[in-house]
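First, the structure itself, so that you have it in front of you.
Residue numbering begins at 1 within each chain, and the chains themselves are lettered A, B and C in the order written.
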Amino acid sequence: MARIEDRGDRLIIWNGNETRRGALTPALYDAINTATKQAQDPQLRAIILTSEGGFFCAGGDLNVLIERQKLTEAERRDRVDLLQDLIRAIRACPVPVIAAIEGGAAGAGLSLALACDMIVSARDAQFTAAYVKAGLVPDGGLTASLARCLPRQLAMEMCLMATPISAERMQALGVVSHCTEPGQAFEQAMKMADKLARGPRQAQSRIRDLVAQAYDQSEAAQLDLERDVMAHAIGAPEAAEGISSFLEKRKPRFP
Amino acid sequence: MARIEDRGDRLIIWNGNETRRGALTPALYDAINTATKQAQDPQLRAIILTSEGGFFCAGGDLNVLIERQKLTEAERRDRVDLLQDLIRAIRACPVPVIAAIEGGAAGAGLSLALACDMIVSARDAQFTAAYVKAGLVPDGGLTASLARCLPRQLAMEMCLMATPISAERMQALGVVSHCTEPGQAFEQAMKMADKLARGPRQAQSRIRDLVAQAYDQSEAAQLDLERDVMAHAIGAPEAAEGISSFLEKRKPRFP
Amino acid sequence: MARIEDRGDRLIIWNGNETRRGALTPALYDAINTATKQAQDPQLRAIILTSEGGFFCAGGDLNVLIERQKLTEAERRDRVDLLQDLIRAIRACPVPVIAAIEGGAAGAGLSLALACDMIVSARDAQFTAAYVKAGLVPDGGLTASLARCLPRQLAMEMCLMATPISAERMQALGVVSHCTEPGQAFEQAMKMADKLARGPRQAQSRIRDLVAQAYDQSEAAQLDLERDVMAHAIGAPEAAEGISSFLEKRKPRFP
């Protein structure tokens, strides 16, 4: 149902639940949790989250969800927290995570996509906060992610009415980095991972955290944080190589 | 000057101050306060805020405002708080509030429009933070609303220079949901209310709060909040019907 | 390397480091610090930050930065704080600050541009968060500024991959106010300053602070703040003139 492909400098998480439009499975949870832990390995430089079979992820499996009605609220809370933990793992991952989307991302599938740092999408894919159609509310950090990328009015429309938003509109709004021809999102994500792999690993990891923090705290606090992180970065070997290579007009080989 | 039209599953607030381009009146305040309270009624599913006479709302009545110069600052604060309370009432409303805009929204009229959850607008309408032209600063939550939908630079330009922004630009930026031909904004808002009325009332109400909170708190706190709200929602009758109808491939009839 | 031109109602800060694509110099720091202090003068109504020689600012001087590797981390922190202080000075400036950009803004040059209230840019200019190319992380408030104008995904891409963003895309996203023909950004910024100079100085200063605060605090807190600032503004001479001129259908002459 899901597998991790290790390409040396990157991990590819394949959501293989083809017959159910990539609906969430325990196997996918395991793969994401394993890959984000494995990413501590200094050789690893990026994770690509993608799917086989033409649809990124249709969200929670409704056959599973309906069974949760029999649980106590505390038990349901624990179940939902497994998804929240997945999102926390993606957000805390030491390397950039790229979503490569074909077909569409719906419900918790949209939550997963928007938790990633960057998104590549086939031109014809749709982004749908489908929860409300099943009488549910968003989880998987979807509301946090929407608040960090879109106007409140559009986030409201998506969550209240499940209006599908096209990949091209998401690109125009700055949420999707690249729209590709159908079938080519993964290839484009690989190009982004190539570029990331040539860059400075430590700096990239600090940048992920800095950018995430910037949406969570005041401008004054963020200015202080940047100062501390930059004061550290500028003394590190990556900066020595990065700056030297610039001054010597050659390509950097980051340590 | 303003009236509430009760259509059973929705309330329509008509701003009837036609001769003054929809400028704020005590009657409009009353109508909004009454309607947002009435919306507790479980039969009600949406509020549409709109105008007669072709202009949504030109903001505060300057003949009234100039009289406030004679008041003490504490008295002025109380007067301004009546508008802030109106915005608080809209934001706390248990059902979605849709603004249907013809002509334009200026000053406190823009504050009202952006306090609504979703906006439908005639293509030729203009959105103008006009306050500065009268030597005033924005109120009615306008700066909070702008920070939750637009870049700081554009919010600054609108508030410092009163630059009018077209409905089409607002749609491109994700703030306006639909641009219609002139005269058809209300009709389009009614279609959105039709769709909302077929959806799950409790879930929609929780979604409004979740989305609003997402712009106010950290990602970590929002993940916790989503978990709690989802744990409750998934055990509720709306989810039972929503999920069952999906699995049975029929349209849901939410309780 | 940098000079302040005093035009009576506005100061123009010219970055004159032409031979190094406007890289930061101590002279530019001095000019910005001096100008933002001088802006307390009630005659002053705006600051324009721009460059000679066709490139706004390429960021930190790498010859200087590489020397910092020899410093202790505490010393480096002090050095970075000089840039952060520059940004704090721009953000706390009592009058609007407009960036007029030719060529491009890169690294700390982008930080400077986005710290300004409004941006005018030549159509062919590029905006690049170049830090990562030198193995560095953003400073100068760049991550705070990006979080206040762009989706997290685009901010991530810019900071992780140094993807250049065109002025036209920045305008479509609402970050750049005007795109001009190459060579005409300054002229357009002057027109904006003309308009600001005809407006109410105190109200504009309060608006700058209100809008900035709106991105830093909850909607509830912002509603309270607006009330207090408006209660003061409406009793002030600027409002008396602004409202009277409206009612008398004449142009205001703000005190």
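Basically, contacts are C-beta pairs under 8 Å (C-beta built on N, C-alpha and C of every residue); 3 or more make two chains touch, one makes a residue touch a chain.
Predicted, not measured: the structure shown is a model, and the values here were computed from it.
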{"item": "Chains contacting each of subunit A and subunit B, listed by label", "value": "C"}
{"item": "Superposition of subunit B upon subunit C: rotation angle, C-alpha, nearest 5 degrees", "value": "120"}
{"item": "Length of the line joining the C-alpha centres of subunit A and subunit C, rounded to whole Å", "value": "31"}
{"item": "Multi-chain contact sites of subunit B, meaning residues that touch two or more partners", "value": "148, 150, 172-173, 212, 215"}
{"item": "In the complex, subunit A residues that touch subunit C", "value": "96, 114, 116-119, 145, 148-150, 172-177, 192, 195-196, 199-200, 203-204, 206-208, 210-215, 218-220, 222-224, 226-236, 238-244, 246-247, 252, 254"}
{"item": "Of all residues in subunit A, those that touch subunit B in their complex", "value": "62-63, 65-66, 68-69, 71, 73-74, 76-77, 79-81, 84, 87-88, 91, 131-144, 146-148, 150-157, 159-161, 163, 172-173, 212, 215-217"}
